[in-house]
Amino acid sequence: MAGNGIGTQFRFTTFGESHGVALGCVVDGVPPLMDLDEAWIQSFLDRRKPGQSRFTTQRREPDAVRILSGVFEGKTTGTPVCLMIENEDQRSKDYGDIKDKFRPGHADYTYWERYGIRDYRGGGRSSARETAARVAAGAVARRVLEAVPGGVTIRGALVQVGPHKVDRARWDWDQVDQNPLFCPDAVAAEEWAAYLDGIRKNGSSVGAVVEVVASGVPAGLGEPIYDKLDSDLARAMMTINAVKGVEIGAGFAVAELTGEENADEMRAGPDGKPAFLSNNAGGILGGLSTGQDVVVRFAVKPTSSILTPRRTLDVHGNETDILTKGRHDPCVGIRAVPVGEAMMACVLADHWLRFRAYR
Amino acid sequence: MAGNGIGTQFRFTTFGESHGVALGCVVDGVPPLMDLDEAWIQSFLDRRKPGQSRFTTQRREPDAVRILSGVFEGKTTGTPVCLMIENEDQRSKDYGDIKDKFRPGHADYTYWERYGIRDYRGGGRSSARETAARVAAGAVARRVLEAVPGGVTIRGALVQVGPHKVDRARWDWDQVDQNPLFCPDAVAAEEWAAYLDGIRKNGSSVGAVVEVVASGVPAGLGEPIYDKLDSDLARAMMTINAVKGVEIGAGFAVAELTGEENADEMRAGPDGKPAFLSNNAGGILGGLSTGQDVVVRFAVKPTSSILTPRRTLDVHGNETDILTKGRHDPCVGIRAVPVGEAMMACVLADHWLRFRAYR
Amino acid sequence: MAGNGIGTQFRFTTFGESHGVALGCVVDGVPPLMDLDEAWIQSFLDRRKPGQSRFTTQRREPDAVRILSGVFEGKTTGTPVCLMIENEDQRSKDYGDIKDKFRPGHADYTYWERYGIRDYRGGGRSSARETAARVAAGAVARRVLEAVPGGVTIRGALVQVGPHKVDRARWDWDQVDQNPLFCPDAVAAEEWAAYLDGIRKNGSSVGAVVEVVASGVPAGLGEPIYDKLDSDLARAMMTINAVKGVEIGAGFAVAELTGEENADEMRAGPDGKPAFLSNNAGGILGGLSTGQDVVVRFAVKPTSSILTPRRTLDVHGNETDILTKGRHDPCVGIRAVPVGEAMMACVLADHWLRFRAYR
Amino acid sequence: MAGNGIGTQFRFTTFGESHGVALGCVVDGVPPLMDLDEAWIQSFLDRRKPGQSRFTTQRREPDAVRILSGVFEGKTTGTPVCLMIENEDQRSKDYGDIKDKFRPGHADYTYWERYGIRDYRGGGRSSARETAARVAAGAVARRVLEAVPGGVTIRGALVQVGPHKVDRARWDWDQVDQNPLFCPDAVAAEEWAAYLDGIRKNGSSVGAVVEVVASGVPAGLGEPIYDKLDSDLARAMMTINAVKGVEIGAGFAVAELTGEENADEMRAGPDGKPAFLSNNAGGILGGLSTGQDVVVRFAVKPTSSILTPRRTLDVHGNETDILTKGRHDPCVGIRAVPVGEAMMACVLADHWLRFRAYR
């Protein structure tokens, strides 16, 4: 069952449950001589933290990260970096009464079928808390990418909540950190806030779409045919809790495009590099990066922990209802934004290091 | 650059270019004592072959497969199975005049950036011909899945071409093999045929969406967190040429669903198994199979080899136009249907074998 | 540089340096529902601990292990098990004065060449302290092997120190835990003790040979051709610090045997299993286990940290001498015995789980 | 059972049985733009061919290799290179009468236990014929190593047959290709020839030791802790048929050395590189190359196919005798020399490419 790691050259394995002692990751393949300290990693975790707004889970976690290994006198040694975050605010009593019932839409039933045991507290390993470890690994990956000539910028944003979509004409990256929804459209941010207030008060939840863009990625990253950059990105995003779809560039919209509309034509650009006239490809062709922005979107389903009773079974197969009390997220897609950025960073770092074997 | 294989327990590596000597695959991890012969594999290749209708590339390839190893007296020995298909109809002269220009929307530019060399004939390794090797591997995978109690059925269909979608109320699996478009809706099949005739005559092309469904998959397959069944499926489908998006179950539509609408409630079913009241999850929760149909869809972009001139660059960076002559596909999505089935089979076979380590 | 993990189905990654904050491992692929607690793991660490006798390094470490994840109510959940051991007795001042010189026979120079940085304190990552993490992982592996019908017993012993070899006619496994040298021959144990006292007083060191035997291994484990059981064992033992050779069964002695002498003939045994008339194969033929005892031996070189000056270079390339003060081991082979057992356990656990995919 | 490949960045999978249609390998991770043709690969196969002298199996195989993919206009494209060798001289009738009996010392019994089926003709997949595929892969690896500044030279030799060892004072690499035994000592070559004539006439066989030396390996190759250069070499050599032990540098002799004797002291050498005063380390310290010659030795057991009856069982568990007729090798160690060179090349190529990710 060795499925807890991802990556080849730059690889990390996460460990830890929602209500266990600690969670964290071991990052393997970290190049030596990079500056790395806890403050750098903490800055990315702080962006992810629950309890930051009325839209995200009201669990208060300091998420303080410790570096247990792999750094000496402030620089990476090339040996594995183990990052650990101790769990503090677990509020086990919120969950104890449902330990024998399967929450529909959660992994309770499937984990039971596979393992015959599940840590029911807060979703155990399937909980979104595991993503704190990913964000920590992503911080290390971003450091790795600083070696790319010209630098790589990775930014994520929420582009849809429920039926409401961002207006791309109003897109402003600076807005993303100005509102609690990572929304790049100031007008939409207000509309969505009102909408989500209603959802939350009803004890309900709604889905979302996250978009992550990486700029400055050199052309040629990726390894056809089976370790393509886009297939690795698709896989990585799909490993995030609650994700049900991933697309690159124009994504599913390509179905309706003709060949003339879809292909990104080329003209001569500065420095001998091509200037593309569009980016339906999302920065990836034939599984390799083109040098354009790498654009990935993923859909996050609505939380299944909601405050209305649901029909289900218990572990003995008897029909019953289940009612989730306590904390819940009206839209888990919001907090998936930093996680999507982290996964983009990890996949790009992995491919960047593999690419360097030939330069 | 070891990116030419996929899978862990059941793993295959493909080799070969569009206009090279031969193409094929080596399938590693094949259980012993399974019946396997060339006729079985050939039957799946014949479903994929180009030149079968006016909608697919007019290249005539017998695609005759040979088993070079791994079978003794009609049964697998547990050693690698090497399958080889010799290339015959290559029509090199169709491509020779464009060896210095990058075709927009193809991998020409990206392969050049990465390798400094590309086999420009017919798209070399990035060509869709490589998928014949996948279909061959998929045939072996289907054999592996015959060991699953109750059996696993894998079926694919085209559900959208351009703006035209299938009507799910008219869905009939038996229709899929009755028309050249793998369409499960007899009415749509005729409409789409007329539509595609127009596209083809204009020398144009259009995108499509393929849906693959696997029934009879036992609950519990998949390995959280990073080798989840859905992330492996997403990755596998994204490795198919021209795919720009993958979704599971309700897919991107989950963004607009509320928690009540999305979660698949459970009642008691026969044999002590749950009966789910819906399948927005697409048969996968928390990265593990639920026992329901596994439903995957992927979007295929329109062919970029079309018969109108496109603006591009040559290998020296000069602006130029490019015009593709010869064979072209009005809709490559059609032939992706058997390939999607093959990838579903390979991923499920891999997870089935890994699952068995615990049963 | 993702070389910090080993194994496929049962896989572990270690982290941590000799003088860093902590060290440990993440064990991935642990089957669910196994009993696991800190006491079980601690019992194996206690067998390895330094400072136990006058023959091993006088560093006092409690080596107290904590389980950070993967266990719920005393049973494994199937998710990664992270084990952590905090470093306490580091005595940095013993090393500080040699941070610019390469100790001959150590990895100082090679790590410098590769990484451009090295944690010189106590050998950093190349130190034998990393093996505490392996012993911890080995404890988990032994638990996995308890599922093998009939049980698997793994025992190691020291069979040679310097020029002195054990007398196999006097071999008694019970003696191994009765003396500080893990020696199965009570007479040799006393001779070796006197010999090593002399070595230690001279500030010198000597090499050794360790033998590890696994009984009860079912026939058929291993995956030809490249994941053979013996090649995985050779690799695993060679990853232990200071090992310079590995052999199976008769090992290098086979060079002098004839075909008649070497081949282990078979007669009918109880329960329909073969009874072999000898075990030159060491329990492995063609890379697969035969059902006989798996016998592995490895040679450990003498410690290079000795108390006489050695000619070397400093980091600027100037010739100099180096003198190691402080703690040193007269024979690091002694403490390698539990480590060899742990590696045997991990490799067998990995192959056992992979074998189960076909039973 | 995905154990038929080896390597990470430079990776190959072999396929094919002794008496199947063909055998070969797929080499993944080949850098682009290298010259590669069939003549280059054939030259290495010709060195390995059976039937070359009275000391090696009298099977006449042309071993003609074909390149099926991965090369365009004489240069590698970066895509997988599939090399195929068709089997011709199989002489099945030599084996047919023993299909129900297990030959002692061969993998017959173990393969039966694992797979329930075995291709008994000539040892099927466990036969030494599989090594032709390795030699072919090794030829590609040597091409990869030509990119190492200063070049890497890989040479193998037989250093012991039965009780007879080479005299290192008479070592002359030029002698290796002057006699049919790959012996670097002209005097020993004659003695060994007479000795082996006797062995062969008696229908017997004897073991051997092979030594492979790589010169010009840059310092720093290898990835601690678990993908060390020496552990990968140990693993690779142990995957060769009939190998029962592997050692590096002084190998098992280190057990008898003191710390003073073993550690290779350093003085300042030309070009700022160290000049080591000895090479007990065999060119590897802490799992990384030092820049010195990498020296590996492995022991090959005597062939178990000999011309005297042996006691064994048949597939029904009944006691019986077995007598092997037809071709047999008095010393399989001889033909293992080019195979050892090939494995050295493949492992070094893999580590070289991984090393480049950081240079």
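Note that the chains take the letters A, B, C and D in the order they are written out, and that residue 1 is the start of every chain.
Just so it is clear, a residue touches a chain if its C-beta (ideal position, glycine included) is under 8 Å from a C-beta of that chain, and two chains touch if they have at least 3 such contacts.
Protein names from UniProt, one per chain: A, B, C, D = Chorismate synthase.
No experiment lies behind these values; they were computed from the predicted model shown.
Novice: When C-D is set beside B-D, which has more C-beta pairs in contact?
Specialist: When the contacts at C-D and B-D are counted, C-D has more.
Novice: So which chain is the furthest away from subunit A, centre to centre on CA atoms?
Specialist: D
Novice: What's the distance between the Cα centroids of subunit A and subunit D, rounded to whole Å?
Specialist: 46
Novice: Quick check: how many Å separate the C-alpha centres of subunit C and subunit D?
Specialist: Whole-Å distance between the two chain centres: 26.
Novice: If you average the Cα atoms of subunit B and of subunit D to get two centres, how far apart are those centres in Å?
Specialist: 39
Novice: Scan subunit D for residues touching two or more other chains and write them down.
Specialist: 1-5, 8-9, 14, 31-32, 79, 114, 125, 224, 354, 357-358
Novice: Show which residues of subunit A lie in contact with subunit C when the two form their complex.
Specialist: Touching subunit C: residues 1-5, 7-11, 13-17, 20-24, 26, 28-33, 66-70, 72, 75-82, 84, 114-119, 124-125 of subunit A.
Novice: Please give the residue numbers of subunit A that touch subunit D in the complex, ascending.
Specialist: 8-9, 31-32, 79, 224, 353-354, 356-358
Novice: Would you mind writing out the residues of subunit B in touch with subunit A in their complex?
Specialist: Subunit B residues touching subunit A: 1-6, 14, 102, 104-107, 109-111, 113-114, 125-126, 130, 160-163, 199, 204-209, 219-228, 230-232, 234-239, 241, 244-268, 272, 274, 277, 280-282, 284-291, 299-306, 308, 310-313, 317-319, 333, 354-355, 357-358.
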